[in-house]
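Going in written order, the chains are labelled A, B, C and D, and every chain counts its residues from 1.
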C-alpha cells in the first residue's frame, strides 16, 4: 500500500502536558503536522477570549488537534487489541480504518480561524465548510499529503469529519457525545485554565469503550466513569465556557468587528488603518473556495495587530472598542429573565443618556447548553446518544442507567445576560455630571440581577 | 498614606493553574495589571521558540508576572507572620516594604519584548534598560499609577529591580539564586511544557525562607528542599532551555532578522514587505527613551505577521528563512568539541557546495549555565549565594552543607552545537545531484556528534 | 490564659500527602496528638474493608483526624483574617473559639474502633458515645490534657462534637453537609483509593466560606465549587463507599462476628481460640464507662490476629468465614428490587441445597444515601442545609440556586443486593455433584441482577 | 501450554493510585494474588516505622508487589512491541519469558515479614532466603500454583529473584539499578509519604528502555530521564529513608526486641505476656524450612498486638520501650563524626546518671548509601551498572555520559547519629533533681551535632 502504511523509521514522541506524550508512528501523520495549514493552528488560540478570564488558557488549536489524534490512536490500539474484526460485518474493529480515523482526528479543526465563534457570527463564515475545503482543495499542502494515499483519500477523511462516512465507529470516534474531540478539549481546557473541573478518568473511559455494529458503546462497568465525564463537561460549561467576563469580551469583539464593517462600507472608512486581510470579510466578498489562501493567513496575531492599530483610529467608537478589547476592559453584566426582559429598553435609554451609543455599548447574550441529549425523532439536529453494553450484549441508553444523568438530560442550562459599560456602576461622588443617571441605573441591579425598582 | 495602602473592597482572585490562585488585595496592584503596558505582556510568550519543541509551552509573560507577584506576596505574608520587625535594624521584616516588593515582582519583566533573547542579540536592545524606562517614564500608564503613591515611588520600584534598593530582603525576593522570579518560571515552564522536571516543593521552600540582616536565608531544616530546587533547575536547563531544536529555531530567527536588517540597509530592500514597527531596529535608530511607545506595540503577533508576509518576499533567502521559521522547519545540529572545532569549515564548505549560503544556513551555538554559583571576589558578576541558618543563628553557605550541590557548583553545564540544514542528512537515492556531497557530509556525523572521518 | 494559649516555640510541620502539610502551632494540640488514645488511631483503618477492593486505601483514622484539624485551622485563619468579630453578637468570628474548634476537629473520631461500621452493628456499641466518654472520662490522657485548660474544657469540646455547643459556627465546622470532616475524608479517600473522584477544589471552598449569625454559609460566587463538592461526594458513594465487593467483605465480617458470638454463648465455644479483648462484646457485658481501657486496645491488628487464629478453629463455619475474610474471598452479589425480592427465598434454598448454611452464607444489604438534604420540618434527623450568601447579604439555600443539586436533593441513591458464595456461579463441568443446583441458580441472575427465570 | 498461558476470560483491573491501574490478564497471576501467602502482604507495611515520621506512609508490600508486577508487564509489552526476537540469541525480547518475569516481579518480596529490617537484624533471619523457601516449598499455596505450569517452574521463578536465571533481561527487570522494584517503590513511597521527591518520569523511562544481548539498557535520548531518576532516588534516601526520627523509632524497636529476647532466655521471663508466634525467634530455634507456616502468621498486627500487651509487663524496661514504640515517643539524636566519636562514652555516662540503662537507651546508627555505583572488579558485591545505547548501537556507562551522576557515583551519602532519650534535652527549671546532668549533657549538642564543649 506504499505511503499509506509507511511507518516512521523511529517513532516520534511529542511531550504533551495533558496526555503525557503524543506518539507519531506513520509518515503521513508526520507530513500532515508539517503542512503550513496545520502549523498555522499554532497561531489560533483554542479558547479565544477565555484567556482574559482564565489567564492560563493560552493553549492553541495545534495542541488540541494533536491531542485528538492521540486519543484516536489510543482508541484504535485498544480496539485492535481487544476487539479485532475476524469477518467483515461482525461489528468489531477493522484496523485498516485506523489511518483514516487518525487523519480525521488530526484535521477535524483545520478550518478554524481567529476568534472563530465571533468571527463566524459577524461575517457568516463557517469553519466546518472551510475544513472541508482545506482537505479537498488540491492547492493545499494537506490535500497533497492526503492524496499520496490515493485520489479518493481526501474525500474519505473529509466525510469522516462531516459524518457521512459509512463506518460509524470511525465517525463516532471523532463526533459523538463522548468522542476524542470532546475528551481532549475538556481535559486540556481544564489543565490550562486550572479550573479543577473536567478532570474525568480518561484511562478508564478508553478501557470500557468498545466497537459494536452501530458504532461505539461502553461497557456497563464504566457507567460511573461516563457519568462523571458528563458532569465534568457540564461543570466546564457553567464555570468556564459560559463565564460572564469572557462573554463580555466577546460582545466587545463582535461590536468592534461590526463597527469596522460599517466603516468599511463608507468612503474612506478605515483610511490607513486598512486591514488588508480582513477586507474581503468587511466588504462581504469572501469565497471559501477561491480565497482560501488569504483566509489561512488570518491568525490571532494578525487580527490583534489590526485591533492594536485601530486604537489610534479617528473613529471614536472603533478606537474605544479596540482599546477595550486589547487592554481588557470588559463590560459588566446582569442576569435578566422573561419577567425582567421588558426593562432592558429603560436601561439602554439610561446608558444612552450617559453618552454611550447603545448599539455598540449594550448587548444581550443567552448561553445555554444541554449537558446530555437523548435521541429525539422530532428534532432535526441531535447527537448520537451514549449506549452502555450489559454483560449479555444488550444495550442501555445512558440516562436510563444513571439517575444523575437522567436528571440533567435535555435540560437547558445557562443564563441570559445584559451587558453594559462598567462606568454605569460608578458610585464616586466626583462624577457629578452623570451621577443621577448612574444612581438611577443602579436601582435596577441587585445581586447581579436585573430587578424592577418599582417592586423592590 | 492614601492610595498606597488602599485595600480593595473585595479581594480579587485570579485562577492560575500553577499557583492555584493569585490574590489581588490592593488597588495599586489591580491598577498596574490594568495598564496597557502590563496587558501587553499577554502577547509576549514566556519561552519564545520553545513551544516549537514543547508545544504546550504557549504561556506568556503576563501569567509569569502575576506568578512572581503572588510568590512575593506569600513570602511577605510568611515573613510578617513569623518574623515581624520590632525595632529598626533588627534584621527582621518591615511590612511597610511589602508594596514596593509586590510592585517590583509584578513589573520585573515589563520591558520584555517579542523573542527578547534573539531580538536583543541582533538589535542590541536591552529589556532591563527598557523595564527601567517604562517604570520611570512619565508617559507610561505604569508610571502614572506608581506615582500616585508618591513622586519617588517609581524610582524605588525601579531600584529594587536593578538591585540598588537599600533593603536587601526586598532585592533578594526578586533577584537571587532562589527568588520569586526563578521559582515561578521553573514551576510554570515545567507545567506548560509537561517536562516533569522543575516540580520542586514551593510550599516547603516558602516555609523555610526567612529574613536576616543581610537579606534572605533559609532554615537548615530546608536543606533538602533547596537542594532539590537547584537540581530541578539544572534539569530544566539541560532538558528544556538548552533543547537543540529550540536553539535551532532561534538560529533561524536570528538569521532571518539579520537578513532583513541587511536588506533594509540597501535600496528598496523590503519593498512592500515593509515592517513599519521594526524599521527603527532594522535601521539602527531605536532610542529606548523616545521610541518607547513604538517598542511597546511590537509584540509576538506583530513580528509573526511580518514573518508570515516575508514568506512571499522576492529575496529568496528572506523568504526561505521566514518559511522555515513560520512553518517550523528546524535546522539539524551536531555536538562539537575543542578537538573537532577545526572541522567546521570543512562542513560549511560542503553545505555551500550543496547550494546553501553558509552565512545564513550554518551557525554555532554554545549553551552553558552554572547550576549554582558561589561568591567569587574576583568575579565581576555574581549571584548572591544561598545561605542556610543553623539553630544557633550561624550561617552556612549551601554548597558547604550539600554534597550534591557542591559537586555541581561553578561547573559549566551544556554543549556546543553546529547547526545546518536538514537536507544535508538526506539518504534517498533519488537526490542524485547532491548525493556525493550529502554522503561526504554524513561521514562527519556519528551519534549526533561531529567526528573526524579520517580517524574513524 | 496559660496553657490554653501557649504556642509552641517552633511550629511543628507534618508532611501530609493530601493537604501538603499539617501545621501544629499550640502545645495543647501537640499534647493531644501524643496521647495514647490518639496514637491508637494509627492502628484503625479509615475505610475498614475498602482496601480489599481499592488496595491503596490503607490510610488510618490518625491521618484523617490530623486532616480535619488542619482544615479547621485553615477555616479559622480565613475567618479571623476576613471576618473578625468586633462586638459580641455581630455574627462574625470570635477567634477565642479557635482552640475548642481545633480540639474538636482533632478528636471527633477518637472513639472509633476496628471495623466500626460492622462492629457496632453486631455488638450494639456506638463510637459517638465512646468519643464522648474518652473526652470526658478523667482516666484518659486526652481528658487530662484538655483539663489543663480548665475543668469545663473537656465538656466544651465534647459538646461541639455532639452538636450541643452554643456557637453554631464552631459546630458546623465539624458537623454539617460541607464540614471539615467530610471535606477531609473525601479528598483523602479519593487520594488513597486512586478513585479520581472526590477531588473538589478545597482552596476555593475555604475561600468562599464565611461565618454569619446562624453558623457558616458560602458566598454565592462559590456556588459551582460547592456544587462540584456535592457531586464528587455523590460519586464517591456510588463508586467507592457502596462498592459491592467491599460490602460483600463486610457481610462476611458481620457473619464471622455473629458466629463467634453464638459460639461464645455456648460452652467451650471458642476454646483456646479465646479472644480475650473481644469477650466483653461476645458476651454482651461491655460498658463504655468502665471498660474503656479494654476497648481502646481493640485495634485492627488485634482483631485481625484473632481472625487469623480462627482459621484453625474446630468450628467449620467460623474457620471458613475467617479464611474468607483474611484471605479475601468475597461473596458475589446481584441486585434485587421490590419486584424480585420474593425470589430470594428460592435462591437461599438453592444455596442451602449446595451445602451452605444460609444464615451465614447469604445476606441482603441496602446501601442508600442522599447526596444532599434540605431541611424538612417533619423529619426527625436532618442535616443543616447549605446556605449561599448573595451580595446584599440575603441567603439562598443551595438547591434553589443549583439545578444540578436540585435534581439530586432528597433522592435515595444506591442499590439493594443479595450476597451469596462465589461457588454458586461455577460453570465447570467437573463439579458434577452440584451442577444441576448451580445451573438452576444461575438462571436467576442476568447482568448482575436477579430476574425471574419464568419470565425470561 | 495449558495453564501457563491461559488468559483470563475478562481482564481484571485493579485501581492503583500510583500506576493508575494494574491489569491482570493471566489466570496464574490471579491465582498467585489469591494465595494466602500473597494476601498476607496486606498486613506488612512497606516502610515499617516510616509512617511514624510521614504518617501517610501506611501502604503495604501488597500494593508494592502488584506495582512491580505491573511495571514488569509494561516493560514486556514495550519490548514485545518494539524489540521482538526473531532468532534465538539475537539479543532481542523473547515473549515466552513474560510469565516467568511477571511471576518473579509479583513474588519478589513474598518473604518479607513484619518490620523486616530490624527483625532480621535482631533475629538473624533473611527475607530473601524465606522468599526462596515460600516459592519452592511444596506446602505453600504459591508453590502449588506455580507448579501447575510445570514441576520446574517454581525453581525458575526463584532463580530470577536470586539472579541466577540465565536470561539477564528478565533478571535485570527485577534486580538492577533501574529495575521495576526500585521504580515502583520510589514512586509509591513518594506518593504515600507526600514527599514530593522521587517523582521521576516513569513513562519516559519505560519508553527508552530496551533489551540487548547482555540484559537491559536505555536509549541515549533517555539520558536525562535516567539522571533524574538517580537524583530522585538519592533525595528519597536523604529525606525519607534516612530520616532521623524513623531511625530513632527503629532503634527503640530493636532494643525492645532485644530486651524481650533477653527476658525470654531467663525463667518466667515474659510470663503471661507470652508471644507465642515470636517464641521461636526469641529462643533462637527458628528454621525457615520447617517453621514457615508460623513465620507466615507473624504480620505487623500480630507484633503490634504483642507490643501493646507488653506495655503492662512487669519488666520496667520492656514496658517502657513498648510504650515508647506503640505511643510514638522517639529518641532524640545528634550527628557525630570520627572526630567527636570519642565523646560518646561521656554522653552515655550522663544518660546513665540520669537514670537510663545505656544498653537500651542509647544507640549509634550509621545510614549511608551510594546513589549510583559503577562496576568495580575488586568489589565483591556490586550492582549492574546502567548502560546507555547510542544511535550506532555502542554502549556508554551512565556516569560517563552524565556529569551530575558522575559527581555522585560511588560516594557514600548519609550520616552517623547518636540516639538518646528526649528527656536529656529538658530545660524546665522544675526538673530540679537532674537539672545539672541535663545542663551538662546539653553542652555537648549544638545545631543537632555533637561538639566538644571544651573547644566551643
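Convention: a residue touches a chain if its C-beta (ideal position, glycine included) is under 8 Å from a C-beta of that chain, and two chains touch if they have at least 3 such contacts.
Keep in mind it's a predicted model, so treat the numbers as computed, not measured.
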{"item": "Pair joined by more contacting C-beta pairs (B-C or A-C)", "value": "A-C"}
{"item": "Far-end chain from subunit B, centres as C-alpha averages", "value": "C"}
{"item": "Between subunit C and subunit B, distance of the C-alpha-averaged centres to the nearest whole Å", "value": "51"}
{"item": "Distance between the centres, which are taken as Cα means, of subunit C and subunit A, whole angstrom", "value": "43"}
{"item": "Residues of subunit A engaged with two or more neighbouring chains", "value": "20, 204"}
{"item": "Interfacial residue positions of subunit D with respect to subunit B in the complex", "value": "196-197, 199-201, 204, 220, 224, 227-228, 231, 234-235, 238-239, 390-392, 394, 403-404, 407-408, 411, 413, 446-448"}
{"item": "Residues on subunit A engaged by subunit B in the complex (per definition of touch)", "value": "14-18, 20, 34, 36, 39, 42-43, 51, 54-56, 58-60, 62-63, 66, 191-195, 297, 299-302, 304-305, 308, 326-329"}
{"item": "Residues of subunit A defined as touching subunit D within the complex", "value": "13, 20-21, 203-204, 207"}
